[in-house]
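Structure incoming, see below.
We just call them A, B, C and D in the order they show up, numbering each chain from 1.
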Amino acid sequence: MNPGRDEAEAARRLRDTISTQFGRSLHIRTLDTGSCAVCEQEIRLLTAPHYDLHRLGFFFTPAPRHADLLLVTGPMIRAFDVAARKTYEAMPGPKVVVATGACALGGVYPKDPFVHGNAGEVLPVDVWIPGCPPSPLALLHGLGVAVGRLAEMTPGLTFIADSAAGGGEA
Amino acid sequence: MTPTHLPIPASLSRAAATSEQLVERLNALGGLEVRDGGATRGTVTVRTLGETLEAATHVVAGAPGARLADMFAGGSGPTGSGVSPGDRVSPRASRAADNGGDAPTLRLVWALESGYLLTETEIHGDRYPALSDIAPAAFVEECEIYEQFGIRPATGKPLNRLMLPPHAGPDFPRMRHRPARPPEEVHAPHTVGGQAFEFPFGPVRQVGVESLYYGLVTSGEEVVDVYLFTWHKHRGLEWRLRGTTPREGLFFAERAEGLSAVAVGWAVAAAAEAALGSTPPPAAARTRAVALELERLYNHAAAMAALCQATGLTVGQSAAEIALERLLRVNAASFGHRYLFGVIEPGGASRAPDAEVLRRDLPAAYGELRRAADALLSTNSFVDRLEACGILTAEQARRLGLVGPVARATGMATDSRLNAGGPPDGNPYAGHLVTAVTADGGDALARFQVMLGEAAESVRLIGEFLDAGTEAKSAPLPPGGGRGLGWAESSRGEVLAWVALDQDGRITRARLRPGSVRNWRGFDDACRSQNVFTDIPIIEASFWLTAAGLAR
Amino acid sequence: MNPLDILYGAAGAWLAAAVAGLLAGSWRPGLRACCGLSALAGAAAAAAGGWSLVYGNTPVVAPGPATIAGGPLQLQMTSLAGVFVALLGIVAVALALYVPRYHEPSRGTGVYLAACNLALLACLAVLAAGGMVTFLVAWETMSLACYLIILRHPRSGETARGAFWFLALSEIGFLLIVAAFVILSAKTHATELDMMAARGHLVPGGWRAAAYLLALAGFGFKAGLVPLHVWLPEAHPVAPADGSAFLSGVVVKLGAYGIVLFAFRLVPVAGPWPGLVTMGAGAASAAIGILYALAERDIKRFLAYSTIENTGIIVTAFGAAMVFRAYHQLALSAFLLIAGLYHVANHGCYKTLLFLEAGVVEHATGTRDMDRLGGLVHRLPRSAVIAFVGTLGIAALPPLNGFVSEWLIFQGLFQGFRTGSHLTAILIVLAAATLGLTGGLAIYAFVRGFGIPFLGMPRTRQAAAARETGQPVAGPALLAVACVALAVGAPVMLAALSRTARTVTGTSLGPLLLPGKLTVIPAHADFSAFSPTYLTIFLVAACAVPVLVYLAGRPRAGSVSVPVWDGGMVSFRPRMQYSAMTFSAPTRVTFDALYRPSVSVRRASDDDPAGRSGPVHYEAQVTPVFERYLYRPVVRAVEWLADVIRPLQSGDVNLYLLYVFLVILLAYLLGAV
Amino acid sequence: MPLWFARGLRRGVVTTRYPARPDESAAWLPTPPAFRSRQLTRDVADRMVAVCPATALRRRDDTLIFDVGACTACGRCAETAPDAVAPSGEFELAATARSALIKEIPIRGGGR
């Protein structure tokens, strides 16, 4: 684990990035593509008092129209393709896709007729969070990484649709 | 809330009599009790003829206290024709094996007052008697068996779409490959006629919930019917388990319904143990029980948080989530995993709880839960929303074969921990007083109260098991093949698993039936019972089911 | 030269059109000629009607040796009738434009068109009648011609049933009207309407009331006042579209004409209560009509119930005018009369329009069931725009004409306090409140009436296959123009109507209008004022504001357009749209006591609660309260009576001879006494 | 509601300070294994590859390829070879490139 000072520095930078670039509100939409319901439980706990995601400026939104970040869980079931793509397309740019948990990273299910086996097969994933399930702490860390990625994608914060497409090749 | 104490010894003797009587009556119909290697261990197995299947089902369904727990089909014949010693099948080859030529065997698992009764019937042709007319609970399984095996009830009633996605072609993997008939011929037409319309909801729904499609058919005010689609969560787990060893298979089984990982894992492990005639060491069995009770405990806390969220009581949600997080941390501190994955292994348990941590932290965490619950029960705005919401009657629960808190909230004292079938050594609950907490409202409040009562029981049982001693120990599985039935009581109700192992100890057919599979069927009826839209999240939270468990 | 002279021409043209129709049979050019003549007649009638608004009443004439039912044919053109004649003319032109495309020439088309033209002629005769006998003969002719119109497709049982309801209730109404006329005629010793009016003071109070109530009931059958309305929802759906348009646009209005005729011309004031009764009947009809409309899926039945609502509004205005007259609030009385007449004109235009469009929809899709339509705005774009104008009008939304007349009626009713009687004031305010409820429900009903068939996705294959080519557009378009003109030209229209009101009530509403400023003041300058013209201009201009804002603030950078977020479903399906009945479910629940719905749910799982969710079917049938609890007992009684007297008709000659003998004996005895 | 307000005050703050400060609950989390290069032999590596249910391990010659992303931290490799594997204790693993999660561990424990 890194020394505390670096941590504090990292946290400060994270908060700064969120507050300056996203008006203190980065909105997250979750997408279950066939998880076993445990990743969902951990994501729900992010808003629980112990982790309180809101203190960092993150919020959950049920509408992908308002979302900046897509948190994908599960091995990307083939029957879910359409919904996954629709959700991604419904999000305005700039947007990041965060693959969450071992299933979404290709760990549990191999590629077969049921599943793509990897969130990256369908969506342009920007950040990968390992873990089965990733604990809320790991999720917090991953969201911090995602914010950095989002900030990279939007130099000078020009909200141009092309920049989303530019960020989509990962 | 009326706790029903069912001392195990008494029920044991009574149930044994029932089971014997049933077997006698089935034998009169041409049934044959199987005791040799072809039997499913862990249960009484009766082979019935295809011609008398209907009559046999009538006999068992009519027996007092009998409940259809599961129905499934298998590719191999009842005498183990699919398994021959020395015929080593590679996992992949076995998985892809086309069993289309074999006559599938239909197995019905009946839960009696104590112990399970399994009937098996070889089905020739593609039709079998419509058992859902006798035991309505069989309907889901009829749909599933059609999708996986291509055989269907003889009445030709339309079936629901369950797991096969609408676009699944003939080469979409199934348990038994057989070109699919045009689904519109078989699947119930999904239409809404007259003056109602379908309010579409999902599959991508609120944040942090599973993907699930509800079609709420409504006349504008009342909920007329609910269409429930989960095929976009079907991961083909039973298909995946073929050709794996029980240990490999357990890894997937735990992920069938991650919030019941211990219960599903235990059921599969117990089934494999039963198939091979081994029993886990008693201390390891107690380890399993501690893990199971911890799992039930955190699920009840999570259900409480979900209920608060559904009723819009954010402070209550926070209080419940504090309790939930503390319980999960107790799990992590004692077993090394917040959701207790990897605790169960075939033959025993791979990890032992840190008894000291449990004794120290669990009471505090449970105290948090208890205080939050007390505060909730004295909050009128919360209790009023739960009262008379999503009512199910005991009759409905019995007909639909509901399990777990949903069934117990209607007054049915069904709890598979009370079921003393199987080897007594492998049952850590034998010798402990297990209380089936019941309530008689049948509504969301009753379910909530049942959950609270069970949470208290879980804490007590954990203490007793720790006092009796726990250990991470496994009895190695003996070589050979066989069939076994295993079960465990998850927070959602009874989990059943049935496995057939070949001589190499590899799974040729595994059946997983998490509690969610049964209870989602009650969800439709609960939604219809004169509820309005805004009650549905409350009903969903009070059932606390997973789509993952239903779709597997 | 006076308006009557033009009307002779119109009548001649209609007669010629009727003959042409009869001769043409199913020969297309002949039918076209028939329609041409009819349009010509309509234009003439419209001109004459408009003129007579300005001209005032003509003297009664009895042209030549023509006699009718043994009496002289007496004709007169009044300013009051002018409003209706003008409406009749416009509707006739619209129908003539509509018919050639709507009716595919076939067996019976010629007869049907002949009946239509005869009915138009009869309506004109009713309005131009200067004497009692002329009026009654014309009235009965009109009823019979309408009966023929409804019976266009006599094969279906529903048609026969609808036509029979119409005829039966018409005849009962006719008897009541005859009775009313006979009372007046007997007491005033006159048959000319002018004479009757002039000698009105000779009628004793009780007879006045009796005559008025008989007339109210008699004309109420035609106007569709609840509970005398049952023929409307039965007859309208089965008649051809132009036939139902004519029934709703003109025939029903003649009922209102009759009520005004008796209330303001023939029967002198007999205290406030006849007015209150009229007003109450109107308000009740308005509310019940719109509530039943909300429970209807059949477009034409829906429109028929809406007609009941609108005549209710009109009759409420007339009733309130009577009440004010009884309290000597002559200005307000005249004002409400004007408002009511204005609503007559408005409703005649937009309801005719909507029925014609209902015909277009039925033609294009083969169904009138709203729950089988949907998405027609993309398939019938011109019809949709025209229907939208009509819908805005009938929903009384500014800037269209319905708003103007309803606003005027409300302004009149709100001044109920000027009667000086607390009870009356409260009753008038109650009527206003009922109309307020009605207005709100009407908007709701027409959001549904337009939205369900025209917006969204097609619910059936037939709706998806609808095409506009070959569908009549000109007729409804003319009426849409009329609707807009009635809205924008409201001050002019009101100026004309105030002349009518002066000829009827003798009160001049000098300061009512400020034509220079295009502003309307409801009778008393201290109450309120508004300008429909400016309102229209303002609203149209206001619509431009968002467009301008968008154009000014349009993002400079490129934008991406993606489909509507649907929760990740594979696709939206038509079954996921509001249906007509679910849209109105809140009223169905609120007014449960009126509807007494009987619900039937069919799930595939009904035989066993096994969670089988196959096709779901849900029906909520509204109990037809009036038919079941009012008419059915009457029908049963009549049938019972028929059973009882059947033995009289035994067919035995000896028995008949006995009857003759008994009658003669009775005559002798009576003569002896 | 006052009841809940009082409860909240009495309950105090439970919120973690992470990421500003480390959180002590992280110590109990299951974490992917860290491999001791010196204790690894090809044989040990093969046995670990065979038991890994998540197919997170592969061996290429004298390199053990470990996909942290696929790892479920089930601990079966540690059961197989307790000397060669220890929990890494590392949970902050999120990466912006999938390849960054794939580690190559040289096998140095002799090439039997």
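Note that a residue touches a chain if its C-beta (ideal position, glycine included) is under 8 Å from a C-beta of that chain, and two chains touch if they have at least 3 such contacts.
Since we're looking at a predicted model, the values are computed, not measured.
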(request) Please state whether A-C or B-C has more C-beta contact pairs across its interface. (result) B-C
(request) State, to the nearest whole Å, the distance from the C-alpha centre of subunit B to the C-alpha centre of subunit C. (result) 65
(request) Determine the centre-to-centre distance between subunit A and subunit D, using the mean Cα coordinates as centres, and give it in whole Å. (result) 20
(request) Round to the nearest whole Å and give the separation of the Cα centres of subunit C and subunit D. (result) 81
(message) Multi-chain contacts only, two chains or more: what residues does subunit C have there?
(response) 566-570
(message) Multi-chain contacts only, two chains or more: what residues does subunit A have there?
(response) 49-51, 64, 83, 86-87, 108, 132, 135
(message) Quick check on subunit B: which residues sit in contact with 2+ other chains?
(response) 203-205, 211, 251-252, 318, 322, 325, 338, 341
(message) Per the touch rule above, enumerate the chain pairs that touch, sorted by label.
(response) A-B, A-C, A-D, B-C, B-D
(request) Show which residues of subunit B lie in contact with subunit A when the two form their complex. (result) 165, 167-168, 171-173, 203-211, 231-236, 239-240, 251-252, 254-259, 261, 302, 305, 318, 321-322, 324-325, 328, 338-339, 341, 546-549
(message) Quick check on the complex: what are the subunit C residues that touch subunit A?
(response) 557-560, 562-563, 565-570
(message) Touching residues of subunit D toward subunit B in the complex: what are they?
(response) 1, 3-5, 7-8, 11, 14, 25, 28-30, 53-54, 72, 74-76, 79
(message) Which stretch or stretches of subunit B touch subunit C in the complex?
(response) 132-133, 136-140, 157-158, 160, 166, 188-205, 211, 213, 215, 217-221, 224-228, 396, 399-400, 521, 524-525
(message) Quick check on the complex: what are the subunit B residues that touch subunit D?
(response) 248, 251-252, 315-316, 318-319, 322, 325, 329, 332-333, 336-338, 341-342, 350, 371, 375, 378-379
